[in-house]
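Two complexes are shown next, each including chain A; its partner changes from chain B in the first to chain C in the second.
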Partner chain A sequence: MLVALGEAVGRRAGDIGALLLSARRALIAGSRLRVDLTETLRQTDRLFVDALPLFTVASVAVGGVVAMQGLNYVARYSASEVFGWAAAMSAYRDVGPLLLGCGLAARVGARTTAELAVMAARDRLDAVRALGIDPEPAVVWPRLVATVACSVLFWAPACTLVLAVAFVVASLVGDQRLATSVWSVASYVHASTLLQGLVRMVLFGVVVGLASCHAGVAVATSEDRSAGAIGRAVYAGAVLSLAGVVMTNAVLSLLGGTG
Partner chain B sequence: MRALEAAKLVAHGRGGLALGPVDVNVLPGEVLVVVGATGSGKSLLLAALAGLAPSTVAHDLSVGMVFQSAALDDACSAFENVARATRARRVPAPDEAARTALVSVGLGDALATLPRQLSGGMRRRVAIARALAVAPELLLLDDPTAGLDPRTTREVLALALPSGPQAPPTVIVTHDVDEVVPRADRVLVLSAGRQCFLGAASLLASEPALACYAPRRGTDDVHAEAW
Partner chain C sequence: MSARVASLGGASRAALTWWRLPPGALLQRLDEVVPRSVPLVIVTVAAVGCALADQAARQALRLLGDQSFIGPEYIVLGVEEFGPLVVALTLSLRVGAGFAAEIATLQSESTLDAMALFGQEPARRVLAPMGVALVLGAVALGLVGFVAWELAGMATLLLRSEVSPFTFFHPEAVRGAGVVLMILKCAAAGAIVFAAATHAGLAARGGAVAVGEAATKAVVGAVLGCLIMSAALDMLWFLARSP
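Up next, the complex of A and B:
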C-alpha cells in the first residue's frame, strides 16, 4: 500500500512539475504567442455552449443556498438592509467564482483533456506536427485561451443569476423585500469587489486551462495510448484542475482576507 | 523535386524501440515500400522521416503524411481538414487547392461532410488529399490500405502513389504485400529494427527468409489492372 501511495504521490508531483513547466513556457511565449484566432473563437463557442446548461442549473441551485444562508443571518441579527450586500459579495466574489471554477474544471476542463488525449492517442497531434505546424499554437493554446475566455464570459451572467435567484428566494421565503436587497447592493457593493471576483475567475480559468491541456497532451508522451489511458488522463486533468482551483481560492482568500 | 537522402538512419521510439542503422535514399518519383513484422520499426522509420521521433534524420524536405488512422479532426468538415493544411503551409490560393485536392480523390460531393460521417475508405481519401494538397517534397504513407476491401485498396493506392519524375519520393509502410509491393520500385525489409533487405521486389522471392514478403501478384498484373 505504501508503494502504491508513493507512486501516486510521485505521479502527482510529476504532474505539478510539468504543469509549472507548461505555465513557464506559456509565460515565455506570451509576448510572441501566435494563437490561431479562428480556432480560439471556435473552441470558445463550443465550450461556452456546451457548459451553459450546467452553469445555469448550478447558478440557480447556488442562488437558493446563498438566500437560505443569508436569511439565517438576517433573522439572527435583524440586518435585512445588508442582505443584498452579503449576497452580492458571495455571488460575485466568493462562492460564485468558486462554483464557476469547479464547474469549469468538471465540464470545460474535462472536455478539453478528453479531446486532446484522443488527438494525442490517435495521431492527430502528430498529423499536425507532420505538416510542419507546431500543435501548441494551433491546437493546444486555443483551448487554453478558450477556457480562460469561458471563465470570463460566464462570470457576470452566472453570478448575476445566482444573485437574482437569491433575491427572489429571499423575498418568497423570508419576507426580504426585493427593493431593500437591490438598494443594499447599490449602496454597499463597490467596483473593487467585482474586480476581485473577475480576477479570481480569470486565475481559475488559467489554472483549469493549463491543467486540462497538460493532462491531455501528456498522453502523447505516454507508452500507453489505450482507452484506459485516455480515461486516466481525464481523471488526472479533473483532479489537477479542481485541486488547482481550490488551492488558488485558498491563496487568494488568504491574501485578500476573504473567501 | 529533390531526392530523400537519409543514410545510416538511427531512431528511437516509445517503449525502448530502436531503429537502425537503415539507408533510406529515395529518388523523385520513386516508391520505397517498407515491410516487416509488427514491432520491427516500420512506423518508427516513418515517424523519424517526418520529424516526429528522435533520429539522425536531417533532411529539409516538406512532408505530406498519411496516417494509418487517417488522423482527421472530426469536428471539422473534410474541406476544413484539408484547407487547414494548405493554409498552414501557405499554399497559393489555399482554399481552392484544398477543394481541387478533394475533387481529385473523388470527394467533390463531400466537402462539407464531417469525417465521422464518412466510410473508412473515404476518410483515408481525405487524408490523402490533405497530404497531396500541400505539394509535399516527401510523401510518407503509413499502412494506407489497412482495413480496406480490395477494390477500395486499389483506388486508394492509385490516388496515393503519384507517378512520374515530378512526383515526390514516396515511402510507404504496409502489411498488404500483394497489393502494395508490386507497385514498389524498391523494397526495404526491417526485422527487429534492423535493415535486412533493400532491393527490387522481384529479388524477394529468391531469398527463402524473405519469400513471405514477395507478392503473389506481379507488377504486370497491377499495371494491367489499371487498364
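Up next, the complex of A and C:
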C-alpha cells in the first residue's frame, strides 16, 4: 500500500512539474507573440460554440442548486432581504464559477485532450515538426489560449443565467419576490465580487487548459498509442483538471476578501 | 441507437439481480471505483469544504459578528448538498471517463460482439458489474466525502478563525431524512455516471478517435446529468419539507 501511495504521489509530482514547465513555456511563447493567432481564434470559436449547449443547460441546473441552497436559509431565518445578495455571491463568485469550471473541464478540457492525444498517437505532431513547424505554438498553445478565452467568454452570460434562474426558481418554489431579490443585488453586491469571480474563472481556464494539453501531448512520449491509451489520456486530463480547479478555488477563497 | 438502448437495458436488468453477477468481476469494479477514487474524493470534497467554511465564517463575522451557527449549517450542507454533488462530479470525471473509454475500446475492437457470439453475456459479465459498483461505490464515497468535508471545515475554522473543533462539530443537526437524501443522491449519481458511460461507450465505432469522443461524451453527459439530478432532488426535498 505504501508503494502504491508512493507511486501515486510520484506520478502527481511529475504531472505538477510537467504542468509548471508547460506553463512557463506557454508564458514565454505568449510574451513573444509566438502563438498562432488565427488558429487561436479558430479554436476559440469552435470550442465556444461546441460548449454553448452544455453551459446553457449546466447554468440552468446550477441556478436551481443556488436557489434551493438560499431558500433553505430564507425559510429558516426569514432572511428574504439578503437572498439576492447571497445568490449573486454564489452565482458570480463561489458556487457558479466552481461548477462551471467542472463543466469547462468536462467539455472543453476533455475534448482538447482527446484531440491532442489522437494527434500524438497518429504521429501528426511529429509530422508537423518534420515540416519545420514547432507544434507547441502552432497546435498546442492555441488550444490553451482558446480554453482560457472560453472561460472568460462564458463567465458573465453563464453566471447571469445562473442568477436569473435562481431568482425565478426562488419565486416559483419559495415565496421570494423577484423585486426583493433584484433590490438585494443592487444594494449589497460590490464590483469587487464580480472581479473576484472573473479572476477565478480565468484561472480555472488556465488550469483546465494546461492539464488537458499536458495529458493529450503526453501520449506522444508513451509507448502505448492504442485506442485505450487515448481513453486513459482523457481520463488523466479530466482528473488533473478537476483536482486543479478545486485546489485553485480553495486557495483563492482563502486568499480572497469577503466581497 | 436501439441496439445501444437494448444493451444498456440488458445491463441495467442484470445489475438489478446483482447477486447473480460474477463475484470476481464485481469486486474488481468495486476496487476500481472505491479505493482508487478515495484520494481524489477526499481532495476535492475537502478543498470545496475548506473554501465554503472559510467564506461562510468570514461573512458571518462581518455581517453578524457571530460564527456559532456556522457549524450546524455547514454539516447539513455537507450531508444534503455539496458532499453528494462534489462526489458525483468527481465520479463523473474520474470513473465515467475511464469506464466509457474501456467500453468504447471493447466496442470498437468488436470484443463485446465476440463475447456475445460465444455466449459470454457481455451485459452481465462486463457492463452490469460496472453499474452495481458505481451505485454502491458512490454511496460509500459519499460517506467518505462527508467525513472529509467535516474534517476540512473543522481544520479551516480552527486555523483561520480559532474556532474549537468541539464547538464547530454539531452531529445533532443532521437528521435521518438528510442522510437518506445523501444516500439517494449518491446512488442516483452512480446510476447516471453508469448510464452516460455505457451509452457513450457502446456508440463508439472506428478506433482511437471514437474512443476519445466516447470518453468526452460520457464525462459531459454524466456532469450534466448529476447537476440536473441534484437540482431536481433539492427542489423535491424543499417542497416535501414545506408546510
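Here, the second predicted complex is superposed on the first by the 243 of 259 C-alpha atoms of A that agree within 3 Å, B and C clash if a C-alpha of one lies under 4 Å from a C-alpha of the other, contacts with A are read in each partner's own complex, and residues count from 1 in each chain.
We adopt the following convention: a residue touches a chain if its C-beta (ideal position, glycine included) is under 8 Å from a C-beta of that chain, and two chains touch if they have at least 3 such contacts.
This structure is a prediction, so every number in the text was calculated from the model and none was measured.
In the superposed model, A:Val3 lies in contact with neither chain B nor chain C.
For chain A, the partner touching the most residues, choosing from chain B and chain C, is C.
In the overlay built on the shared chain, the residue A:Glu223 is in contact with chain B alone; chain C does not reach it. When the two structures are aligned on the shared chain, A:Arg124 is found in touch with chain B, with no touch to chain C.
Once the two complexes are overlaid on the shared chain, A:Val57 sits against chain C while remaining clear of chain B. Of the two partner chains, chain B is the only one that A:Gly132 touches; chain C does not reach it. When the two complexes are overlaid on their common chain A, residue A:Ser241 makes contact with chain C while staying clear of chain B. Of the two partner chains placed around the shared chain by superposition, chain C is the only one that A:Arg232 touches, whereas chain B remains out of contact.
Residue overlap on chain A between its contacts with chain B in one complex and with chain C in the other: 122. Residues 8, 54, 57-58, 61-65, 68-69, 71-73, 75, 94, 98-99, 102-103, 105-107, 110-111, 113-115, 117-118, 121-122, 169, 173-174, 225-228, 230-235, 238-239, 241-243, 246-247, 249-250, 252-254, 258 of chain A are the ones touching chain C in the complex. Listing the residues of chain A that touch chain B in their complex gives 46, 119, 122-124, 126-127, 129-133, 138, 223.
In the complex of the two chains, the chain C residues touching chain A come out as 39-40, 43-44, 47-48, 50-52, 54-55, 58-59, 62, 73, 77, 81, 85-86, 89-90, 92-94, 97-98, 100-102, 104-105, 108-109, 160, 207-216, 219-220, 222-224, 227-228, 230-232, 234-235, 237-239, 242.
Partner chain A is touched in their complex by these residues of chain B: 14-15, 47, 50-52, 62-65, 67-69, 71-73, 75, 85, 88-89, 134, 140.
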